[in-house]
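Each structure below appears as structure tokens.
Two complexes come next, and they have one chain in common, chain A, joined by chain B in the first and chain C in the second.
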Partner chain A sequence: MLPPGIDANTFAAAIAAFKEAVGEQHVYTSNADVALYRDAYDIQWGLPGERQVSAAVAPTSVEEVQKVVIAANRYRIPIYPISTGMNLGYGGSAPNYSGSVVIDLKLMNRVIEVDDKRHFAIVEPGVTYFDFYRYVQDHGLKVWIDTPDPGWGSPVGNSLDHGVGYTYMNYRDHFYSHCGMEVVLPNGEILRTGMGALPGAQTWAEYHYGIGPYVDGLFSQSNMGIVTKMGFHLFPAPEAYRSGTVFAPRRRDLIALIDEVNYLEHSGTIGQPNYGTPLRAVAQQPAVRAVMEKVGGPTDAEFETVAREQHLPCWSCQLQFYGAPGVIDAGWAYAKERLAAAIPGATFRDDLSYRFPLTHEQELQIPHKPSLGVPNLEMFRSRSPMNPKPTDGHVWFSPLIPKSGEAVLEAQRVFGEASRGVDVPTLFGRGNPYGPLSTPQTWMYRAFVLISGWPISRENPAQNQRVIDALRHLVQVGAEHGWGEYRTPPAFQQEVVKTYSFNNHALHRFHETLKDAVDPNGIIAAGRYGIWPKHLRDKHE
Partner chain B sequence: MTTRRQFLRKGIAVSALSLTAGQTLAVAVDTGWQSHSRSQSHMPISQVVFDRDFHASRAFAAEAAQLGMPTYGIAGDVTALWYDDLDQRWRTDPGAIAGLTGVSSLFCLEQLGRRDDRRVMLRIEHLAAGPGVVEHRLRGPEDLFARIRPMIRTPSWPSQMARLVSSAPVTATPGAHPLSQVGPAGPVGDWVETLVTWIIAPRRTV
Partner chain C sequence: MNRRTFKSTQWVALFALGGLALGGLDATAAQAADPSAIAAGKAAFEYHCAACHGRERVAGGQMLPATASLALKYKGAVPAALEDRRDLTPAFVEYTVRHGVAVMPFFRKTMVSDADLDAIAAYLTRNNAPASAAAAAKSTAGTAGK
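Right after this comes the complex of A and B.
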């Protein structure tokens, strides 16, 4: 296909210029090659609305990126940069603006520097978490990476997409833990942010701000440039790890549980807490479903009657400790002391305990490897008793809610009612994806995500449309309650951005003003997170 | 003691069968479906992947080993296969790999292959279609269909699939006509997802 508004001759000239820039072997134009850049989780897969790629170009250096950008400007070719394009569920490798040329940064895969005394790294966009892990291990460096699940993506791409991980405090927020970047601007010029603006800077990946306005955020979930290097703060390799779980007997104990765990987390005692409910294991029992799916939700007494009859506590939270053995043992003892005082009847279970390095047997038994900074692809081992018929993919609905028990209980009720009666399977069976047993995800460190996964079917477009309708409704319901999404697939980016509407969409209009200033031809990632260039704005907003 | 460095290298994969020199594979060019009789070249199959959880896949691997192809066992998860083997192999080895696995394992390998310009060149899905029956689905040219039809009329079709990948032409899939045919299943009681016979090869294979 051709990019919209570009004739065949112009496109051919642009392709020739791209080949001149990166070499013929790194320009992909055949249908079979271009098909590799389809978003495997596109909710419009195979339909006219599927986002298409016209060609792909894989530069090997920042100089080649500059040449590609200059050529794209010359011929007005829309381009869409990806690091590895693995953010499945949030867009993958396909552009928002169908017909764009993908700039695949996979061949820019150098780990430039890792310092395990000052705990930082600088990497290129094509470096994956597997690459990063291998580099650290092969060089015997005393740092951990914080990897998402799965680990085939890129630290640069994941952080620019506001991706998250699983270890300790702010290391889980990958954009937050970045420090400094190099960017090719839409005019082909190279920009370095923060301390990187100082020639010969010695602290580029250690001090975020440099001097003057801090602009790094303009290049995340955005289309203001192509990031070609990023620095990251790294977690010093701990000597030991342990985890333990607290169980809270009553429904309203969730409030005290979250308050106490917040204190432990924000004061640095624990890493990522993992909330759950033991009642999930019996949720498919008809008697339990009858209570949990009651219109308006169960009363506290009804909820607790179910728990009592099942001989189960209402909530659980696994706490994770990283550090010196004596320190984390004391941390767990302290956590139990605080939680026991705050939650009458709370019980505790010792879980895992590791001293590093691990034995092979211990390594194989790690139930969730990203919690120990180890990349893997286990989540794609989709067959399981819980998931006997894996879907063709999924999209996420990811609203941020406050870190309080009151907010969780309210969001359970609101989203449970809003998604009641939606006739689609969930990722793990049928039923409402929200309800009184929904528990928050805790990647963000300072906010919860009450996430839900929605299936995609390549054979059932009617079901996909119901998913689209349901998610659009949830976006609006969430916004009405002050709960915005942190990240969303292209099919929903425009609508989610519109909910961030304070003062007549002042923030969005500011983004557009910046876009027009730095990318007047609108070549880079048109439409990403609702930011369209001026010449396309009327057609898409 | 094993260090973190060694962790993923050990992984879960095993080579369940004897390893011998790579089998050669007839391979056609990279764009559009190519007839078995058209332009082909030969390259080694550098790895045959099977899933230890499925009887059909184990039978496939046993036959592949008999044919002299190196085998690598997984159990759904391809992490160790990637980290221990393909991550490095695909940077330098021009050969193809083949397998009979669950579709989710192939999905991962297909996504990972993009980095090194690798594509799925053959894809035959096997779906449990009822008691004792399996449905085979593929897209391709008629001469390939003609070759495959007798292979899937027997309960030993997994072994036949091994023979197919050891000698079949590798072709690209877009625009091809679909074939769907049922046959005797053999032991499929352990299936919980669609299985697939596949070949992944460099896009510039000629």
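Right after this comes the complex of A and C.
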């Protein structure tokens, strides 16, 4: 296919220029090669709305990226940069603007620097979390990476899409923990942010701001440039780890539980807390379902009757401690003391305990490897006796809610009612994706995500359409309650951005003003997170 | 563009094609016998595939996800770990990597190069015995697909 509005002769000239920039072997134009850039988890797979690619170009250096961008500007070719293209569930390798040429940065895969005394790294976009981890291990460096789950993406791409991980404090917020970037601007010029603007800077990946306005955010979930290097703050490898779980007996204990865990987390005592409910294990029993799926939700008394009959507490929260052995033991004792005082009847269980470094065999046995900074793909355990035919992938609905028990209970009710009767399987079985047993994800340091996963099928477009309809409804319901998504697949980006509408969409209009100034020909990632260049704005907004 | 809407009948055809190629011996067996290709393929498999398809056991003695999935799918008819299979064909390996299956996405050439893919195929077909491979291909063809 041709990029929209580009004739065959112009496209041929652009392809020739791309080949001159990166070498013929790194320009992909055959149907078979180009098809590999489709989004494997596209909710619009095979439908008219599916995002297509016209060609792909894979530079191996920042100089080649510059040449490609300059050529794209000359011929007005829409381009779409990807790092490793593994943002599956949130867009993959396909562009928002169908027909764009993908700029595939996978071959820019150097770990440029890792410092385990000052605890930072600088990497290129094609480095995966697996690569990064191997580099640290192979060089015996005393730092941890913070990896998402799964770990096949890249630190650069993941952080630019506001991806998240599982260890300690702000290391889990991958954009927050980045420090400094190199960007090829739409005119082909190279920009270095923060301290990187100082020639010969000694602290590029250590001090965020440099001098003057801080602009790094303009390049995340955005289309103002192509990021070719990023710095990251790294977690000093701890000597030890332990975890323990607190159980709260009553439904409304969730309020005190979250308040206390917030204190422990925000004061640095614990890493990521993992909320759950033991009732999940019996949720498919007909008597339990009858209560939990009641219209309007169960009363507290009904909820607690189920728990009492099942001899289970209502809530659990696993706490994770990182650091010196004596310190983390004291941290767990302190946490139990506070929680026991705040929640009458709370009970506790000691869980895991590790001293580092681990042997390979010990590492294999870690139940959730990202909690210890180890990338893996174990989340793809999708086939089971209960689910013999796995899905073709998934999309995520990811609304942010406040870190309070009141907010969780309210969001359970609101999203439970809003998704009631949706006729699609959920990612992990059948039934309502939300309900009184939904518990929040805690990747963000200062907010919860009440996430739900939705299946895609490459053979059932009608089901995909029902998912699209359901998620569009949930986006609106969430926004009406002040809960916005932190990240969303391209099929929903326009609508989600529209919900961030304070003062007549002042923030979105500001983004558009910047886009027009920085990228007047509108070549880079048109439409990403709802930011369209001026010449396409009327057609797409 | 619905190239990945791959029906079970097509999987049968692909397996049959692989079986025929193996039955004819020659190219597949010769390629699989090249020690350097097999060594390169083992390294490429470990880099690109083993995190899902490896033999190692993880917490609780569980298989890795894709190995566990194939164990459920084939119910012992063929080994769950790809490295232990004797019925795979290069064409099948290459098709699967470039087209994906279920939750496994397809992989671009900047991720798994053609050279790496050839090497992986050589590694995964290294133990094929032509006659038994053809028979095995027939035995699994009926359960192939998603």
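Please note the rule applied: the second predicted complex is superposed on the first by the 534 of 541 C-alpha atoms of A that agree within 3 Å, B and C clash if a C-alpha of one lies under 4 Å from a C-alpha of the other, contacts with A are read in each partner's own complex, and residues count from 1 in each chain.
Criterion: a contact is a pair of C-beta atoms (placed from the backbone, for glycine too) under 8 Å apart; a residue touches a chain by one contact, two chains touch by 3 or more.
Computed from a predicted model, the values in this text were never measured in an experiment.
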What is the contact status of A:L364 with respect to chain B (first) and chain C (second): first, second, both, or neither?
both
Would you check which partner chain A:Y41 touches, where first means chain B only, second means chain C only, and both and neither mean what they say? second
Query = First (chain B), second (chain C), both or neither: which does A:F356 touch?
reply = first
Inquiry  = Just to be sure I read the superposition right, which of the two partners does A:P199 touch: chain B = first, chain C = second, or both, or neither?
reply    = neither
- Answer with first, second, both or neither: which of chain B and chain C does A:G212 touch in the superposed model? neither
Once chain A of both complexes is superposed, is A:V374 in touch with chain B (first), chain C (second), both, or neither? first
Inset, instruction - Go through the superposed model and pick first if A:P286 touches only chain B, second if only chain C, both, or neither. - result: neither
Does chain B (first) or chain C (second) touch A:A32, or do both, or does neither?
both
Q) First (chain B), second (chain C), both or neither: which does A:D138 touch? A) first
Residues on chain A touched by both chain B and chain C 32-33, 35-37, 40, 84-86, 88, 93, 104, 106, 126, 130, 152, 364, 376-378, 380-383, 388-390
Per the touch rule above, chain B residues touching chain A in the complex are 1-8, 10, 12, 30-32, 75-79, 82-83, 87, 102-105, 107-108, 111-115, 117, 119, 172-175, 192-193, 203-204
Within their complex, chain A touches chain B through residues 25, 30-33, 35-37, 40, 84-86, 88, 93, 104, 106, 126, 130, 133-134, 137-138, 140, 152, 356-360, 363-364, 374-378, 380-383, 388-390
In the complex, the residues of chain C that touch chain A are 1-5, 51-52, 56-60, 62, 64-66, 68-69, 72-73, 98, 100, 102-111, 146
Residue set of chain A touching chain C in the complex reads 28, 32-33, 35-38, 40-41, 45-46, 50, 52, 56, 58, 84-86, 88, 92-93, 104, 106-107, 126, 130, 152, 364-367, 376-385, 388-394, 458-459
